[in-house]
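Consider the two complexes below, in which chain A is the common component and chain B and chain C are the respective partners.
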Partner chain A sequence: MAEKVDVIGEINKYDFRVDERYVFKAQKGLNRDIVAEISAMKNEPQWMRDFRLKALEIFESKPMPTWGGNIDIDFQDIYYYIKPTERPGHSWEELPEEIKKTFDRLGIPEAEKRFLAGVKAQYESEVVYGSLREDLAKRGVIFVDMDTAVREYPDLVRQYFSTVIPPTDNKFAALNSAVWSGGSFIYVPPGVNVEFPLQAYFRINAAQMGQFERTLIIVDEGASCHYVEGCTAPMYSSESLHAAVVEVIAKRGARVRYTTIQNWANNIYNLVTKRAVAYADALVEWVDGNLGSRLTMKYPAVYMLEPGARAEILSVAFASRGQHQDAGAKVIHAAPHTSSRIVSKSISKSGGRSSYRGLVKIERGAKKSKSNVVCDALILDPQSRSDTYPYIELEEQDVMIGHEASVSKIGEEQLFYLCSRGLTEAEASTMIVAGFIEPLVKELPMEYAVEMNRLIALQMEGSVG
Partner chain B sequence: MSPETLSVIDLHVSVEGKPILKGVNLTIRRGEIHALMGPNGSGKTTLGLAIMGHPRYEITRGRIELDGEDITQLEPHERARRGLFMAFQRPVAIPGVRLADFLRHAVSNVRNPARKEGEELIPMREFRKELKEKMDLLRMDAEFARRYVNDGFSGGEMKRAEILQMAMLRPKFAILDETDSGLDVDAVRLASQSIAEIGGRQMGLLIITHHERLLEHNPPDVTHVLLGGRIVETGGPELAERLHREGYDQLRQKYPEAAAEEAALAGQGKQ
Partner chain C sequence: MPSLNLDTSFTDEGFHNVAFHRPQPNWLKELRQRAYRTFEDLPMPNRSMEEWRRTELRHFRLLQFQAWSPHPEQAPEIPSQLIPRLDTDGLIITLNGRKLESRLDPALGQQGVVLNCLEDSILNGWEELIRKHLFSILDWKYDKFAAMHAAFWTGGIFVYVPKDIRVNKPLLHVAALMPGQADVGHTLIILDEGAEATVVSETVSVDPSASSLYCGGIEIILRPGARLRYVNMQNWNQATFHFAHQKAVLAERASLEWTLGALGGRLAKVNQHLVLDGPESEGIVNGVMFAENRQHLAYHTLQHHRTPKTKSDLLYKGALQDQSHLVWRGMIRVEAGAVKADGYQRNDNLMLSQTARTDCIPGLEILADDVRCTHGATAGRVDEEEIFYCQTRGLTRREATRLVVTGFFQQVLDRITIDSVREALTDIIQHRVREYRG
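Let's turn to the complex of A and B:
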């Protein structure tokens, strides 16, 4: 059985054959020239070019983080920019059978499959979703890729870009600031409610976001939106580093939900900085599902800057063989009457390791603030591991803080109960695991929820007996 | 053995190395109702769980036969797919798993015993329709099926959900382990009537109970009394009535050996 354990894990070992004609002959490595070239190629204004070069200096001066997981990256052995249109392509027929099967079993529609597999460099999303964009545009909503935003909305971008996560924040944020490419830019004007999840319709772009995407979302006063990124299909990349930066600004009374489901190939370091600022009575929700990757370090954060701001962070991590998920959350209560809730669920299997790392900080003066943290870990076999690192910093006494943590195995009684109704042990385990992450799944848009459940079933395959 | 029977033959069962059942014999024909009585801790639940194949209940001797075939080595899911069912005394909660989803999987498996994981489930429409019918019968709110299996159910809701599962799975043989306990007066009546209607004479029923009401609606053809890990007496409905009236002390006097076993086991339990 052991050999069957990871359909996805096994697939990830395949190397794609690359058609030489389309390869962009960029230089490997990182230096001022390369950064300047990226900026030039994108036709960027001077301020962005300067920003990148400054960020490079910061990156070079910062040490690697000494906590989290083991990071073993040769920064000079990476391509930092490949033009999307010049991405290596390959034909559907060339894809390993296993990958095609995985797509089938996840129920990904035909057209998307080809795109996600890297067969098609561009998807006709403009044609299909053009009218949707028009409708948004009429209401003043801006939804474009970040490169376009820098060109077409320079004032807005310049006003907010990197105000939430400066390059000095951490080494990987600095790296992203120097070489970023792609990602989304969203601006929702005051009082506008975008009722459908953005990107759920455009999710096809997810696979093209590349290694260093940069996303900036500004939701103005009383406005709301739900942004969804990623998809459950395994994401392949010839490069082993994914370092994204996501900045969210929720103004007074705004509501923002940011949903991510990512399933990285096994060779990837997924080091993402995600942070939101929430002003008075604003609500920011991070829904974050992490599967795959060699190491993921990701701690979505919310800074509650004004009274009544709220944060909800829901994170689920699934670590299988050779994978380490170091995920969690950060909430900073910087004003009175702010409240936060963190729910973290992790599953470790086949020797995988998952850690919850979280910070709850209540700053002086943030009276009557409330925070509640629940982290549950499910360990499927004795080889697997789960750790919890909760940090709490209190500068104020008049607050309410709750923290609960549990580690469990799949219960024998639960298995027996389900099996006594005709489910095989494997089916029963999958059902219990799916139940365990239900709090996340029920927050997902329908099509993601369906895929997520299929993905869990796939991950669970052969794990029993 | 004729077809359509469930037999337990010289069954010895240990839990954690501790012998609980010491040679139980029992045969139920489809369409019959058997009552299984006995004082607390006499091994009634143990017998039921052993018949269903619970991994912690080790069969050290004897066997279980379904329609003349030895099923002692079968996995619980295989037994279920062959038509065995047990309504549990203490059903376990499965957080995050909706009753309807779980039941749809269960029904798909039991009605199509060759089904493998990931294969087609019973069509949603058909399933919903049937589920609604059965829930109406049990006066359960349709919303209830959206709740997580036994998670935060009241005692009565839990028992009703067990009956619902039996109704949907339509087993050949069902063991009802104190399905009447924890229910209010009206609920006991409703449960008893629905069991009669669902189980009636289509199934073979093994009813474990400490009360009379369930048996009034489902009069037993045979009554067994378990004491100290053995069936010490088997009779008709009058035996159940007598026990309800008199309790178990007379039986203990009549079967001093079994009573001694019972005392020994209880003593062990206290250690």
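Let's turn to the complex of A and C:
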């Protein structure tokens, strides 16, 4: 590599914590009072309060999933709501010192200056900073945090909120629906193309914290946008929980790309429900990079509801010591002439376990649908594990479906070749892994691509003994 | 033996009548009793269980079947596809799971080769070997049907080939079922070191449309260097329920070519389990599935690599017409330390009607690094252009469809090394294909 990475310094870049100074911290645990209190703190309308309480009942009635990873969470030992500041700032100067320091160290303001059309930064439960380029605001683009959206755009929110992922969908979607806070709300009016990415950054700082952001993106007919999210948290001895819900609606002819790079600390449970609906000729792309966390269970989904809808899902998972990445993708073809493509790359190292779990479903009548799934896995040492669980369900004959998957280790020949050119074995391995995930990296905005490569290089440190 | 008027259904009383009114050693009675308790304790599988999510058992009435009944005075005609085709070294015909007749080339008998009823073999000098291996690899606690089989099994067949003995021609087992009856037969095949054999098993219904039940178990044990070709052609009528647990364990350098025909049955639920338990063992699995009308065929396969340098290669091809439903769920599991494993699985399905449905669930669980494991799956329909092309060459639409479907299966048929089995499968496929309407 051209640049020598300072490993200790780089790890510290994310694994730092600042003092907890909060305006409000709800009691630990989960019950009706706490849910009502969160709603009251946010001055929410009655319908949202009722929605939350109903969702809590659903959460309590649903059993824990018996598949995927081992989830060992005491739901009563988590802080469900922490309010870090009185109101979100529109310039860095307005922010409390600790928070500013945090995001400065993560490089958010710098990134914003350089290539983003808008930024939201969420700290614990609330969005603390937000900005949007003026020209976009003038064209009717809305990019606010979800709490603000409930207050300022009640009609839009009520029309779409929870229509893609109802609380009954799964236990963690129900939990999110009960205690959600923060997240992004985006509305792009018909025909408007947002050329630069909109970005959100999620940071968990407190221990035993649950972060439950709720993101809703509506891209109207013929419009387009690219949303990027990054997530980090410092390392604590006890587990924290991240259970987000992301709903995306792509109307006729719209294009949406949702890019996530998650680099959680090793004791975060990351249980996220992400789903998009795509109407006629719309394109939804999920680009999903999963690093860190103790357990990630995340299967970005696209429901293609009208003819010509398309889905592209690109997913990379890196599981290292003590980590289980149970990631994948779901595509539901519910209309004719829909097409989907899933590419999954996973790497297991130092006893980590990465699993691809996916679904391709062709509903009856979805004629001329096409789907192609490719899963590749690399296992870097004898202690690690890789699984592939793709489900293919077809109710229609006039379709073309392909699936392939392979698991292997780094090729001896590739290593030998690179070493013969003067690279150390560690450098060569890193380079091969970088090449392996290249299909994802090349889809990222430049800054993220650089960051992704650095993260992989970090994960690879010491992998070859 | 139970007398004519006893209750022999799958009930408490039926269990006592079937299981205990027969000469057998005490260890076997105890095994049956334990299995029966497990059978009673386990719930009937239902769709809340992951393995049964796609398989509906609502129409299955266990109590309408008899676990045992005396052989009729006059043996019924058995419409076997293979007896006339296959040049064999030995033949055993079972009716409702129990032996009707058997013969074996006397020269092989002198060399110590056994092809006989399993129950009889226990009483005729093979008790020690059978006791050691019966239910030694098959987990009878796995589900209700496995436990039911272990508790109620009768008859069955036993194949034993001693060390370094080679059986040149196939040994054929034809299992026939009569209306309302159950076949709970157990198959135990043991090939000693360096032995070689071909065993072909065919299932047929005596009546073309009456319902019967098969709830069987197959155990195949291959000692070091043994080589077996095993064919299981499941060709019941389309009213029969078929529940099967089949498992083969291969020691070092052993090899198995295992072909499954999944053709019959109102509902078939099969667990096929291949264990590569010794270095350099190798298993090839061929599946030919053809579902029509309202058939539901669910095949769950597992290729289990437990030691280094093992190889498995699975290819299942399925065709579906009418309202049929095909499920294939496969897994390759490589245990930690089983390096240099080479695992492959592939499932291709051809949809021949608008109303058929297929679920295809390949899977990999890899706990070792130095492996090569791959799977692939495809699904699609008949290419209308191919049909059109054939029609321009003077074929009728039905002939054209038949040609295309046979072509689809050719890849798996080519892997079957027993000519007469390949021909029989081809005939059955061609006979089944109807005119294709896209």
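Here is the rule we use: the second predicted complex is superposed on the first by the 373 of 465 C-alpha atoms of A that agree within 3 Å, B and C clash if a C-alpha of one lies under 4 Å from a C-alpha of the other, contacts with A are read in each partner's own complex, and residues count from 1 in each chain.
What we mean here is this: a contact is a pair of C-beta atoms (placed from the backbone, for glycine too) under 8 Å apart; a residue touches a chain by one contact, two chains touch by 3 or more.
Remember, predicted model here, so these are calculated numbers, not experimental data.
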Legend entry - Contacts of A:457 with chain B and chain C, given as first, second, both or neither: first
Inset, instruction - Going by the touch definition up top, name the partner, chain B or chain C, that contacts more of chain A. - result: C
Inset, instruction - Figure out whether A:419 sits in contact with chain B (first) or chain C (second), or with both, or with neither. - result: first
Inset, instruction - Tell me which partner A:437 touches in the superposition: chain B (first), chain C (second), both or neither. - result: first
Inset, instruction - Check whether A:404 is in contact with chain B, with chain C, with both or with neither, and answer first, second, both or neither. - result: second
Inset, instruction - Figure out whether A:390 sits in contact with chain B (first) or chain C (second), or with both, or with neither. - result: second
Inset, instruction - Please indicate which partner A:76 is in contact with in the superposed arrangement: first for chain B, second for chain C, both, or neither. - result: neither
Inset, instruction - Would you mind writing out the residues of chain A in touch with chain B in their complex? - result: 411-414, 416-428, 430-432, 434-439, 457
Legend entry - Complex interface listing, chain A residues touching chain C: 67, 364, 377, 379-409
Inset, instruction - Would you tell me which residues of chain C are touching chain A in their complex? - result: 50, 336-337, 339, 349, 351-381, 438
Legend entry - Of all residues in chain B, those that touch chain A in their complex: 52-56, 75-77, 79-81, 85-86, 88, 91-92, 94-97, 101-103, 105-106, 109-110, 113, 117-118, 148-149, 165, 169
